[in-house]
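Chains here go by letter, A, B, C and D, matching the order in which they are written, and residues are numbered from 1 within each.
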Amino acid sequence: MNRAANDLSTAELRELYRELILDHARSPRHFGKLSAITHTAEGLNPLCGDKLRLYLQIDDDDRISDAAFEGSGCAISVASASLMTDAIIGMRTAEAVDFSNALIASVTGRDSPVELGKLQALQGVREFPSRVKCATLAWHAMNSAIRRDHNPASTE
Amino acid sequence: MNRAANDLSTAELRELYRELILDHARSPRHFGKLSAITHTAEGLNPLCGDKLRLYLQIDDDDRISDAAFEGSGCAISVASASLMTDAIIGMRTAEAVDFSNALIASVTGRDSPVELGKLQALQGVREFPSRVKCATLAWHAMNSAIRRDHNPASTE
Amino acid sequence: MSKSLRQARSEARGDIGACRDDFPALAQKINGAPLVYLDSAASAQQPVAVIDAVAEYHRHIHANVHRGVHTLSHRATEAYESARDEIAGFINAGNRREVVFTSGTTESINLVAQSFCRPRLRAGDRILLSQLEHHSNIVPWQLLCDQTGAELLVVPIDERGELDLATFERQIESGVKILAIAHVSNALGTVLPVADLVRRAKQQGVPVLVDGAQAVPHMPVDVQSLDCDFYAFSGHKMCGPTGIGILYAKEALLERMPPYQGGGDMILEVRFEGTKYNDLPYKFEAGTPNISGAIGLGAAVRYLSGIGMERIAEHESKLLQYLTEQVSRVPGIRLIGTARHKASVQSFLLDDIHPHDLGTILDHQGVAIRTGHHCAMPVMDFFRVPGTARASLALYNNRVDVDRLVESLAQAKEIFSQ
Amino acid sequence: MSKSLRQARSEARGDIGACRDDFPALAQKINGAPLVYLDSAASAQQPVAVIDAVAEYHRHIHANVHRGVHTLSHRATEAYESARDEIAGFINAGNRREVVFTSGTTESINLVAQSFCRPRLRAGDRILLSQLEHHSNIVPWQLLCDQTGAELLVVPIDERGELDLATFERQIESGVKILAIAHVSNALGTVLPVADLVRRAKQQGVPVLVDGAQAVPHMPVDVQSLDCDFYAFSGHKMCGPTGIGILYAKEALLERMPPYQGGGDMILEVRFEGTKYNDLPYKFEAGTPNISGAIGLGAAVRYLSGIGMERIAEHESKLLQYLTEQVSRVPGIRLIGTARHKASVQSFLLDDIHPHDLGTILDHQGVAIRTGHHCAMPVMDFFRVPGTARASLALYNNRVDVDRLVESLAQAKEIFSQ
């Protein structure tokens, strides 16, 4: 394999596996159960066996007062779930769903990237179409949980 | 289509549909039931829907004392059944089966043509591989009848 | 004349004759004569675009689908799933989840019989078919009757080969649990008034399966406007590969149906204690699918759409009219199937020549027709014939084909007049 | 070096390396690097001989089979049926009637579950599988349990990925109605002692289905010497087309089994009052078969036989040994599947890198491996891993492929050590 191609390839890989992603993958935030759960959903990625359960606590004001997740998955899906839970706590559900849809559209490359703050780190998957499903799994699960959809959210 | 090819093709066709074949197809001998039936078998050709039932009367001496058939089929299969019933009446069963196997081998082109008398007329099918099954249907049915095999004889 | 010139001229004339050159199989000689292929109702030939799409898939794209992160697997999955989208668009399915890849019409019908009907049928329940069905739309229901004690009810046909609608009206009100009916008869060419039949069935709450094997290749089909619950068809009859077909089904029904086969890809999670099924349409696609078949079918759909199903229907309809006229003029011809609304097929008998003999004589002059029962024995029984000779058309046929057919019928008469 | 020279040299060395050039897909670059295809257990690539056989079939031979008198139909039938003969010879079936074309291993197993087992199972009856089965050899049996009230019994495996034979000995005597077992595990590579298992099962009168999807491509298989009742495999894993597979079954069993699907071709006679089924193997081939798939599979069998299954087995076995050695040396590697008798597959994990991430990093360097549960979730559960990375070999792989794999594992470590 020639060196130039190799370097390019490595650069793209480093873009995908940024420090922030690897950090969240190794030490996911909000990992575990919640004491009071109002909404929950499962996310399954049959492609690689990523599997997570998302817990939300939504208050009377329709605000996500707490969020957590359990499960196992690749670095991308775990980091994505970790970053997501961090981001959505405190949002109203409608806001969270809008944000989620914007993120999904952005990483699938359908829209031009929106302002995502830290979640910008997930943009690396745009060059890796087969990994988009990993990045979006938690977000699909959140949408299901808010919709109170009882089928496992699948990215297929 | 050029004339030479056309003539050749016509010659082969005339070889297949000889006068003797057309005559037996139009006026099949031994067509109908027998009054006393000791052996019978059905022959089916799923390819074209040829369907015949063969009736044999076999005496204590293992001799075919009478034979007849009913059913419908193409010119080749009806003529073959007609010629066959003509030929086997009076034969011992072992002899009939030998004759049948020789005929089948001959028209399928597996053996060099044997002396078949009138049945020589069936040799025309050798040039028409898709019609061999028509020519052999009655013969397979005869073999089944003598074996007392209760499945319909099929040429598939 | 160069190909492009000929094409330009024929396109200017508004006909689709030039497409014939896209089909390599049609350029060969058979028994010394140029092939006249009048057996597309049994299986159609493939244009180069389909042959090449399949070969190219295997040269550069192939890997197993849905389960891989590597590039080829991703490419193969994209190609396979785009074919589904293309097919969904072609028949105007509500969405891609309603388009299930099967191995053909036969499997599609068996799937509906076993997965949709079997759990909900009781002894004495009725299944309504018509007398002009292909065996593939009869035998699955007979097996189901054996399994459940249900009974077949058959809509009769008349001498033209049309449905007896008065009888249908009575039958549909007699407690039928499913209506399974052809869109176009493969033996007679009759086009059934499917939209009307579906409307009547719906009034009675009867679900409807349409066997579209002979319709999709020959006319625009819109499953939403037909409003049927299930629609089945085969790739190989529409210039696509063998071993691939489609079951279209309304999403709400598929959701409630148990899987037909078990295996890889149709599950989300397998434990010995129990298994979670995958989403639609995957729940019904167990095991490694016919990936190249799906891709070839996608290419066939693109090819047909490129010409336009309206144009194809018009071309075939004119040609069928010409064929029927020309063949009718042959002394001793008896036409079988003379419905007012027909597509692409004409069955006939000549004198007392058995169809099988006719087939051989025509073949010897390069003219390929089908002879026999056409997997529609009840139709043969109705007309009290052991079989028919059947000429069937596709987009690539033309008047020369019809003229050659008529010439060779004359020769058959000559040989049999010895 | 010219192809023929290279081929001559490698043949002189007695290896089969030159066959790699027969596979066009292997000559491409992926992400800028030459493709290293280590995913043949999911689906193998096709040699030109197979790609061309299928294209040539559609260019000059295609028509529907079994039902036509015209030349193309006859040629297509001959080609289709010769493929059956070739396959029968390849696995040493007793005769061609025992070789049923299906759409793949998955359908073959579903056919046996539904047609052979379903009518003879009662609530509480037992079906014996092993813990290393592919989902395609689990889910059909789970569906059958739902339908009949039968129960699954599972032969456990040990840490190496070998069957626990002591437990098997007890289980096989506990009133089992069928044993359904892999010949080679797709996730672990374990070769099961199938002939011994069959012998023990026979002593108890238990019929045996062998899932040979991962065996037939990699070693000589003789169904008569194995003495199993059913043997299932897929075309696409053995360099043949997708959408085609085989069910081998003993004639005496097939004779007594009801049809699996109903449709054209599997019948002799259809009346609404009842239907006569066709002879073997046609009784089990409803509808227009995957004709080009069968012909492609015939070509694949000719290609593999031309090289020789013994030579292929030897080549792969040496290469697997090399692969396992080289991979073991990578610090942080955990091998999954270390049976004493293995074929063509090595699963592993690297550090705490998720297999999916590993797959992406390798793919980015042109190395295609499979990652995930490999449709064998119970195996993953046993090893308490969410999935593995799996490198799998075929006749066309070589040491360079292995070396490239090892290099790219090193890069993965580097990326993850940030």
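We adopt the following convention: a contact is a pair of C-beta atoms (placed from the backbone, for glycine too) under 8 Å apart; a residue touches a chain by one contact, two chains touch by 3 or more.
These numbers were taken from a predicted model, which means no experiment stands behind them.
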Most distant chain from subunit C by Cα centroid: A
Whole-Å gap between the CA centroids of subunit A and subunit D: 36
Approximate Å spacing (C-alpha centroids) for the pair subunit A, subunit C: 45
Residues of subunit C touching at least two other chains: 31, 67-71, 73, 267, 269, 356, 359-360, 363, 371-372, 377
Numbers and ranges of subunit B residues touching at least 2 other chains: 47-48, 51, 130-131
In contact (per the touch rule at the top): chain pairs: A-C, A-D, B-C, B-D, C-D
List of subunit B residues in touch with subunit C within their complex: 1-2, 5-6, 8-10, 12-14, 16-17, 19, 22, 47-51, 72-76, 128, 130-131, 134
Subunit C residues within the subunit A interface of the complex: 66-71, 73-74, 267-269, 276, 278-279, 282
Partner subunit D, residues of subunit C touching it in the complex: 24-25, 28, 30-31, 35, 37, 39, 42-43, 45-46, 50-52, 54-55, 58-64, 67-73, 103-107, 109-110, 113, 134-136, 138-143, 146, 152, 154, 234, 236, 241-244, 258-259, 261-267, 269-272, 274-275, 286-293, 356, 359-360, 362-363, 367-372, 374-375, 377-378, 381
Subunit A to subunit C touching residues, read off their complex: 44, 46-48, 51, 129-131, 151-152, 154, 156
Subunit C - residues contacting subunit B, complex: 31-34, 353-357, 359-361, 363-366, 371-373, 377, 380, 386-387, 404, 411, 415-416, 418
